[in-house]
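Pasting a structure below so you can have a look.
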Amino acid sequence: MNFIEKRLDELNRYRPDPTAPGDLDAFWERTLRASAAKPPQGTRTQTASLSPYMTVYRVEYEGYDETPIRGWYVLPAFAGERDLPCIVLFHGYSGSKGYPEQYADLLLMGYAVFAIDVRGQGGETGNLLPQSFGMTKGWISQGLLDPETSYYKAITVDAVRALEWAAQQPEIDPARIVAAGASQGGGLALISSALSGIPCKTVADIPNMCHMDYGILNSTGSLTEAAAFVSMHPDKLEQVLQTLSYFDMLNLCCRLSRPVFVSLGLKDTVCLPETIFAVYNRIAAPKELQVYPFNGHYTSGDHLRRVMQFLNG
Amino acid sequence: MNFIEKRLDELNRYRPDPTAPGDLDAFWERTLRASAAKPPQGTRTQTASLSPYMTVYRVEYEGYDETPIRGWYVLPAFAGERDLPCIVLFHGYSGSKGYPEQYADLLLMGYAVFAIDVRGQGGETGNLLPQSFGMTKGWISQGLLDPETSYYKAITVDAVRALEWAAQQPEIDPARIVAAGASQGGGLALISSALSGIPCKTVADIPNMCHMDYGILNSTGSLTEAAAFVSMHPDKLEQVLQTLSYFDMLNLCCRLSRPVFVSLGLKDTVCLPETIFAVYNRIAAPKELQVYPFNGHYTSGDHLRRVMQFLNG
Amino acid sequence: MNFIEKRLDELNRYRPDPTAPGDLDAFWERTLRASAAKPPQGTRTQTASLSPYMTVYRVEYEGYDETPIRGWYVLPAFAGERDLPCIVLFHGYSGSKGYPEQYADLLLMGYAVFAIDVRGQGGETGNLLPQSFGMTKGWISQGLLDPETSYYKAITVDAVRALEWAAQQPEIDPARIVAAGASQGGGLALISSALSGIPCKTVADIPNMCHMDYGILNSTGSLTEAAAFVSMHPDKLEQVLQTLSYFDMLNLCCRLSRPVFVSLGLKDTVCLPETIFAVYNRIAAPKELQVYPFNGHYTSGDHLRRVMQFLNG
Amino acid sequence: MNFIEKRLDELNRYRPDPTAPGDLDAFWERTLRASAAKPPQGTRTQTASLSPYMTVYRVEYEGYDETPIRGWYVLPAFAGERDLPCIVLFHGYSGSKGYPEQYADLLLMGYAVFAIDVRGQGGETGNLLPQSFGMTKGWISQGLLDPETSYYKAITVDAVRALEWAAQQPEIDPARIVAAGASQGGGLALISSALSGIPCKTVADIPNMCHMDYGILNSTGSLTEAAAFVSMHPDKLEQVLQTLSYFDMLNLCCRLSRPVFVSLGLKDTVCLPETIFAVYNRIAAPKELQVYPFNGHYTSGDHLRRVMQFLNG
Amino acid sequence: MNFIEKRLDELNRYRPDPTAPGDLDAFWERTLRASAAKPPQGTRTQTASLSPYMTVYRVEYEGYDETPIRGWYVLPAFAGERDLPCIVLFHGYSGSKGYPEQYADLLLMGYAVFAIDVRGQGGETGNLLPQSFGMTKGWISQGLLDPETSYYKAITVDAVRALEWAAQQPEIDPARIVAAGASQGGGLALISSALSGIPCKTVADIPNMCHMDYGILNSTGSLTEAAAFVSMHPDKLEQVLQTLSYFDMLNLCCRLSRPVFVSLGLKDTVCLPETIFAVYNRIAAPKELQVYPFNGHYTSGDHLRRVMQFLNG
Amino acid sequence: MNFIEKRLDELNRYRPDPTAPGDLDAFWERTLRASAAKPPQGTRTQTASLSPYMTVYRVEYEGYDETPIRGWYVLPAFAGERDLPCIVLFHGYSGSKGYPEQYADLLLMGYAVFAIDVRGQGGETGNLLPQSFGMTKGWISQGLLDPETSYYKAITVDAVRALEWAAQQPEIDPARIVAAGASQGGGLALISSALSGIPCKTVADIPNMCHMDYGILNSTGSLTEAAAFVSMHPDKLEQVLQTLSYFDMLNLCCRLSRPVFVSLGLKDTVCLPETIFAVYNRIAAPKELQVYPFNGHYTSGDHLRRVMQFLNG
């Protein structure tokens, strides 16, 4: 074995203890039930498109709370108006839904796209989740003392509801909805797939929300905000680890039943290979892993082709 | 003149154009009137102190909106119970009110201290100001498209109300209240002094909220969040600059009438000397400037002695 | 004027001396004549596309020398097969032509795209230009002692020939060819437009190859390679500056006659605002400038919409 | 076990070999005897205090050699004049005794404070230890070729003598003297406690001088100066390691017999957790450890309360 | 054992699997035979020397292909004209043969020096090896898809031919030729010694080209270019690792039969200690290792004396 | 003018005010008289040389105080034993006299070399100058409150005495002594030449000790230690600037009367071009300037040849 093979071999065998709290299932059952009881209140408004070949709707739907979550719902005008497959896309940390044209590559593949803002981050979507305690810079320390008040809970339910909104659109074939994203978006794709019956497939590129007890100590990404929060409030370590455990794919990946595509970079210091392998190694559903041995927190090369082969395969 | 004198000479003569919007006075009159109409709803609860020589109260008062602003009200038990001078302290960006013991130096000088959390930042105080649009990492881009919804407005009114709360305490001599802080805290000390008749003196160490049109282009501090916001939404440049202008001491320093102490570092890239000199040069009230030629964003040496000489002088 | 306006005002008035060598016109006449005398030897081979809506050809044509330059020629299958407008795209330094899907946004706008590798860089295209002297890391110091042997000359002629190849394709309306790119690609778009009659419009985002005597001293981008080369061979300063002057848009921008769109970031340390303004201020053709005051070496926001308004305007 | 628990478990079991030289005890017996034979020559001069509640003396006493070591001896004027407990404080590397007000928090707790300059560093105290060989930047490579001439020896004896000076003051209860400090100050608190019978308790925050054979290879702190010294004089490796071993708490911690409080950060690259655990694990005296899992080289949160609970407990 | 001894002990026992391809010997036999069949075409031209005590020749000889490799052949004028020992020197990555005076120390030791440019890098030597595919910044990704076209092959043969050229000079005792260099130069000294019968001794300071499967994942040096190449072309991982394996001293060190001197720094992130130990541990020839425990990618102290003791020993 | 010419033009006209204190001449007269009154007490001991062509003596002489200053006195054995020209060499900050072989290039040019340690820095030379106040890391803040106690004074006199020692050696032609060095060594070459009649020429590469009032505010080199010292003791600014002014070549360059060679890099942030031009522009003696437009704090290319042309010219 050369050294890269050795490293992979070691990672393939990495199986840290899950950290699931006793009431994990109850928490999610309760949470999903509450969400189901709340009407989506979605609106879609066609908007001027830069191109006649692309039909663009501004969407607003009610997320976890009253926050209107904004998204782009974009259709390939040349691909018919019914039974379209649809990719529901979640962006990376601090990013946004961007502009409809960004999804042109997926439209060209014949997919409709529903790309939402993650609440409060760089897009046009606010965040009405009450903040009742201090925070560190960023978003994830909001409500971090309790899973019930946690920002993670809100964005997870927002993501599940995005899938639901997409499944209700007349142009979409609800059996061909894909949850997808990279980094934070990969984490949301995984967790929403674990919690919703809707996605037929999941694409999680360099995903976060995996093995977060490892990440909070070692990652240079968003979990540094949780670490900084504990550093400011050292007595709250247990509470914070407890909250994270409700959203850690290490504890939820057993719920995945449909095919999952995962990618990672061995030099990624944000979503570290240990964290993603820890989850990937436990997935029982059909799964595919793309390792980039020399990549940091990015995919590269003909990655879209690999994703498409997974989606079309 | 040696080179340092030359640099100072140049800064002493720096007088950029104010950027005051036409309705600046109306905005603040309206804002302060609304605040005045709202009862403070303050509560103080004595709490276990680490020391018999220090009397500690946890305080909550209602800030700009319903957010309960938390603070420490700390009294020097050895200095009598009436007619105490009081320093109202605002912390630096992302910090917190910390712990009562931190103010032991001021207590020892015979001052009572009222140290508040700036809302939403690293303390125990949340932030109920609605967030209805996206943000960049940090706090200052909240509501940045309109002075009426701006985070700056909320924290400014919170600060003014902190002065008011202090002035109502039975132990305090309302004629001897000082507004003080460093960096963000210095900015809040300045702006609350400009808007409130309460402080008899103001201590603004390395203050922000000065000449923000310069800072947004050149600072490495919190204004980079506003710059990043504009970078994400380039069409909103004018709106953002407009909002900032309502909170820029360049436009408000003419309202200062009581003695002001200001400090700065010539190598400060966060609160750049140009920004502080631009404001200092326009202050008509009695004023004192402490320049640290080789300091970045910090004061040093026997700085507290200089502050005390100003306060006791 | 606020500080940003002051900075822009200063840049709008920046007019450094051109550095044109006496035989500049002769050099380019000779060079273009030689290129014209050489048949393009282009081949296009249809290749499997990820999408039925996108027709993809692998292209090879002979560049400045015998080097086969590789490119993607991509057509929007839904937009007809004749009289298409075409964007000839040049990538940034060290990059590549990438993958056809990357151009989906432009295809969706109804444009054909011809995206080439810049020779020797990160794509699949080699570089047969003889290297007869040492080099610093990177590409631009190849042949830098003489404009006749310079890498810049080779890539400029490669770019002009890409425009020519595009103009000969049966699907393309030769009157609607656009030269476009960012950074190095923006420089190539500008210089190839200055030297070729083909492009009807030019899009130069954050372009290099502008005011290179300034850039070699101040840029953190590819010109640091030329600076390092001179540092190793200090006696060759004049030769290097001389070579650069043949490719500096400061000396060639007077040749632009069709509409030009230029963008820049005021915080860009790679393609510094001084360098781009120096050229932009001298352009006599119809022109449009998009300034991002807080951006480094990138465009942001709804930039594609601005480009499309320019192209469709 | 979650990952943090795993990491702690591993550190709790870390027991590297001691590196004690054969004559370690003889060295210290000789050294302490020589110090005991030398009169302290201490002087205290009351000086203007910023506050009537704080009595301040400038102190000078003769350290290891003739160097007058300067310190602040500060008394809480409100806490009586006899039988005060006293904290002898040692500062961090390159720091100083600072200003008396800095110790206001400890005064308020009813402690007298004796804070000294570590010789030659950032305070007002010089260093008359002869330097007879070259050095790297900083202080610790002075005399590093021999324990007898080492800077470490001088500052250790200076620290022991500071304890002795404090014990002789009329206001102080000699049975209630605490040795305390952070980083270098933590190291000095430990080593002076190991060598002196005076301190009743020891507070060593993020201490250095622990497991220095590990630190010289891995630390980013002051031991890099020893590493740089060896790098310049590679033949002196053994000598340097030998010298360090006389001052390494790994070899001296067995001498601690009174309660010890230690803190550390798992992300500390200056005083690495391995080095502190190696020592802590070997301490036989009553001991308490405060781990900050996400801190670098700093303590945080309500740390003073924890220290006070240890001191008052 | 102290910690440094432990680290060395671990490295002394490090024996990763070789990665030799099946046709390694055939490849080199074929390659060396082809080189042997090609006349050296060397020329030497005496050139003005800065000193009468130093005789300087500019040398050109034909390398692996037609590229004229340039070098300095420098003789100590005071040491006789016959039977001189000669050091053939290879420089570090991106460097050059420099100037004759640089070798004054070796001349003073009585050695003739032949210092060549590594092709294409920072000297005066070009590179005519055809580049038929894209590259990342730097040199080593040229032809990296196939050992036959690889830059490594060209520079290795260039190095072997340098030894041959030196052996033919009338002033030189062909039995006393040394191959030497640092970093890349150390790698070339090793590989040329492994492939040529000429050197009587080899000096490889902090050498690269060792255990490259480890280096490509972990080094911060030139192998990052190979890593970046794979990152751009992820499907070419196997090909790249395959190519590297032909030039990896891990696979070739068994061919060394004459005394070898190797040095390394334990903190070297460019040529990591693991990579050099992996090779050193497998060398069967007489060998000597100089470890600098606190050095990064450099030797230090009286290193030349150690080298001279090896050469004269 | 191109931009580089513009920059040079500006620097050629830079003439800041001198900062000479009123008693500058008296200070130096007194200082030099005291030195002259003190016998050099030099010893030279021949030591084993790595080469028969190089005669090596270890030298010790008494510097400014009793500190034995150590140096290498190295002779080219092949160049005769009488009337040799001699280069007295001063090393850069934190460096050392190194090893005799390092000077092989100068020996080969026929020069004897006398290379001394700057006291207390990285060589084998200690420093007995009493340190009676605190310091920042490094050397230059020693005694910085008074020119009489300043480290600068000690090293300057040490340097002058090195010239004197060299002039007394039997092998040396006292009319052909050169003072030379780079960075700190360039500063010492300049100041010792200004204060001593001995050197016939001076080579000051990228020298420090120039226009120090500018450097203390802007340099990233050793003057940051003085800046840090003032930052710790802000009330001592005037004293520190005063002390520096006694050693600033801006005030002493008028004393230079023999030919001076100076070099600088326009990108040097340690010894900034403004500081060197300020001095160079005021030198009335024959002078030569070598500008490296793209160099930081280093010379490059065939620099030795330029120096030799100056020395031999």
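Letters A, B, C, D, E and F name the chains as they come in the text, with residue numbers starting at 1 for each one.
Here is the rule we go by: a residue touches a chain if its C-beta (ideal position, glycine included) is under 8 Å from a C-beta of that chain, and two chains touch if they have at least 3 such contacts.
Just so you know, these numbers come straight off a predicted model, no measurement behind them.
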Original post:
Any chains in contact with both subunit A and subunit C?
Top reply: B, E
Subject >> Of B-D and D-E, pair with higher C-beta contact tally >> reply: B-D
**OP:** In steps of 5 degrees, what rotation angle do you get fitting subunit B onto subunit C on the CA atoms?
**Re:** 120
Original post:
Comparing centres built from CA atoms, which chain ends up most distant from subunit A?
Top reply: F
Subject >> Rounded Å distance between subunit C and subunit D, as computed from the means of their C-alpha atoms >> reply: 62
**OP:** Report, in whole Å, the distance between the mean C-alpha point of subunit A and the mean C-alpha point of subunit E.
**Re:** 49
Original post:
In subunit A, what residues contact two or more other chains?
Top reply: 232, 302
Original post:
Which two-chain combinations touch?
Top reply: A-B, A-C, A-D, A-E, B-C, B-D, B-F, C-E, C-F, D-E, D-F, E-F
Subject >> Footprint of subunit D on subunit F - complex, ascending >> reply: 94, 96, 117, 120-128, 130-139, 232
Original post:
Of all residues in subunit A, which touch subunit C in the complex?
Top reply: 50-54, 76, 78-79, 99, 101-102, 104-105, 107-110, 302, 304-305, 308
Original post:
Along subunit C, where are the residues that touch subunit B in the complex?
Top reply: 1-4, 6-7, 266-267, 292-295, 300-302
Subject >> subunit C - residues contacting subunit F, complex >> reply: 16-17, 19, 211, 213-214, 216-217, 227-228, 230-235, 237, 241
